[in-house]
Amino acid sequence: MSKVKKIDVYYILSILSVLLLLAVWWAASAVNESLASPGQTVERFFRLIENPIMGKPVSVHILASMRRILVAFFAASVAGVGLGVCFGIFPTFRRMFWPVFSILRPVPPLAWIPIVILWFGVIGDTSKYIIIFIGIIMAIVINTYASISETDPLFLKAAKTLGANRWQTLVHVTLPNSIPAIFAGMKTGLSTGWMSVVAAEMIAAKEGIGFLINMSMKTTPDTALDFVGIVLVALCSSLVSFVLSVIERKLCPWLELDVK
Amino acid sequence: MYNEKTRSVGMKVFLNVSGLLMFFGIWELVVALGLISEKKLVAPSAIFMTFIDKLTNVVPDGNTIIVHTLTSLELVLIGFVLSCLIGVPLGLLMGFFKPANRFFTPIFEIIRPIPPLAWIPIVIVVLGIGIQAEAFIIFVAAFVPCVINSYTGIQATSKTLLDVAKTAGASKTQLFFKVGIPSALPMVFTGIKISFGSAWATLVAAEMIASTVGLGFMIQQGRNAVRPDIVLLGMSVIGLIGAALTGLLSILEKKALPWRNLK
Amino acid sequence: MAGTGCKIKLESVSKSFDDKIGRTAVLDEISLNVYENEFLVILGPGQCGKTVLLNIIADMEQADSGTITFDPQSSGQTGFVFQRYALFNWKNVLKNVELPLKFKGAEKEQRQNTAMKYIEMVGLKGFEKAYPSQLSGGMKQRVGIARAYASGNDIILMDEPFGALDAQTRYQMQDELLKIRSKEKKTIVFVTNNIEEAIYMGDRILLLSNKPSKVVKEYVPDLERPRKNTSSQFMELRDEITANMDLAL
């Protein structure tokens, strides 16, 4: 019981640390006048609701970013798992295309932005979808492939003695065994994905949270608007990650039980 | 199951090379046949010509590729090294000492989901446009993986090892330095490698958004001038340097953790 | 065992592996018969290549030379019980046991009925919705046995199935397996390195030597079941096998 009490004492530290973070922010804004304080940020958020930017209320900007990440995430998950599986189970495919994938891999997703814009233009969402897609897919492909190729040989042997063909082994053994690793890849992909959303919207968009952040740099700096953008991105990305973990838990009930 | 033991070495090499040949072959061909406008894509050979040209030519982005590369490298190293110096010890402390964990975790969890690029406007206001602002953004980007991996690594320290050391009379500090840190090292290195990748990626974007020099700036100018050759050259150099430095880190890792690669 | 049909016939089966030191011979001209519905124990020291022998019978590995012939009545397919259980963590007990039937394309209802029958037979009724990670080692191996039975194959290979269990559970599982076998006859090839287990379980015991393994001797324990490991005949046989078992590494 004494242990429980001790933990409670530590929680005071947690509260203290958050207060300290706010205090530092507030102090910094007091020293540097162009830096918005926490209060000004809240105020700016409400002003944003009353005075839309580019004639679009803040909800439109949030939804634009959410739509971009979700569409790209869905596409990248399907394509990434598919590609990872192909690398994992078709030796010929792996031999031919892994080198190609390997030379594209070190190019950071954000470095694709200029060429993608050259190819697909600034207008419309195609460029943005592609940039975000590239940001998300890499981690998913790599994780899927790695976990499929590292499947415990015992599982494969068991599948064989139970009479499974290649396809059945994939569906009932290799893939379910890789689900946790695939989800880990999706989470990594999502954080790169949000980075790509912000970058793409800062560089080429007329709406979205990244666009709001970029607007804060124009003419007179509006750091309150940037803080609003930062908070919105953090909230949205936390929300998406949270939903993803809920899905993971629903999809993998056995993972919760690993006690023994 | 899907082993390829029966395949000959020659066949393996052939397949490996054929994929790359196909990739570059189709690329060259598509351009040579004029299927894609030169305003959108240039051939690999043309990229190489641009590289030779950019060694001395400052058009259209104001600097030679050497200056861009060195600027980018300098920036990334400052941000990356700083983040390792601060992030690794912080993660280790957070993972080993409960008060440190309780104190820093909330701050860290608040900062973690923020894409580093979102800090740019604020950092510019505080530090102005220039090397400090960019180094700071890169620092933030590289910081998070350093902390997470060091934290996870030291938390996974075997309880048995800790108990053995405790019964041998080790103090909490000794446990931290003699047991916790060595057993966390593999994860720390993983974190450092991820950090570098993150720093390098962020650098490119930071240079595109707020800079007047660097590889990121160069490819952004290439787009503005509709020069796909410059964009693709920049991407290639960025990819090559990224791969080379990651490779260097892997070699360092092998040297530092000799017990890891014995199977 | 004369009079009953021969299920599997191995003739001069040899196998070697390449490793860093060079080529190591593992099986050296092994010839043996497995008869219908017998409980054959293959007994051998530590790393003698017993598992390789089972893998070859299960068509998981290829012999370098020699022939393996199955009784034409038999499908040539074998059920397999692994030392490390090899249950699929992501499937509950029922799903694990019905998997071989699913692979054969059986209807859902038939699958479930058969699986439930074997789950009951191994004494796990009520646990069909549990995941492997919720089960103890002994229970996991019961699932493993049920799954091998559910595959419908008349030959079941068991690779040190109780090797990972603690001594108490091990005794329990030995009795359990004998009980299961009395309910449904199967031809069982049971690999172990434990002499007492071999005598306790086996209708017939083949003693293998160390690498490269040969069949050293055959024993047919003439002991009444349930066998008692404290009976004098049991202990005599144990001493005899111990004397012949090649313990050198």
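As written, the chain order gives the labels A, B and C, with residue 1 at the start of each chain.
The definition used in the following text is that contacts are C-beta pairs under 8 Å (C-beta built on N, C-alpha and C of every residue); 3 or more make two chains touch, one makes a residue touch a chain.
Everything quoted here is computed from the prediction, not taken from an experiment.
In terms of which chains touch, the assembly is arranged as an unbranched chain of neighbours. Chain pair with the most C-beta contact pairs: A-B.
The mean-CA centres of chain A and chain C are about 49 angstrom from one another, to the nearest whole unit.
Mean C-alpha positions place chain A and chain B at a centre distance of 17 Å. Distance from the chain B centre to the chain C centre is 51 Å, each centre being the mean of its Cα atoms. Chain contacts: chain A has residues 160 touching two or more partner chains. The residues of chain B lying in touch with chain A in their complex are 1-4, 7, 12, 15-20, 22-23, 39-41, 98-99, 101-107, 110, 113-122, 124-126, 197, 200-202, 204-205, 208-210, 216, 219-220, 222-223, 226, 228, 231-232, 234-236, 238-240, 242-243, 246. Within the complex formed with chain A, the residues of chain C that make contact are 58, 60, 77-80, 82, 84, 86, 88-92, 99-100, 102-104, 131-136, 147, 151.
Within the complex, the chain A residues that touch chain B are 10-11, 13-14, 16-18, 20-21, 28, 32, 34-35, 88-92, 95-100, 103-104, 106-115, 117-119, 156, 159-160, 166, 169, 191-192, 194-195, 197-199, 202-203, 210, 213-214, 216-217, 221-223, 226-227, 229-230, 233-234, 237-238, 241. Against chain C, the residues of chain A that register as touching in their complex are 154-155, 157-158, 160-165, 168, 172-173, 176-177, 179, 252-254, 257-260.
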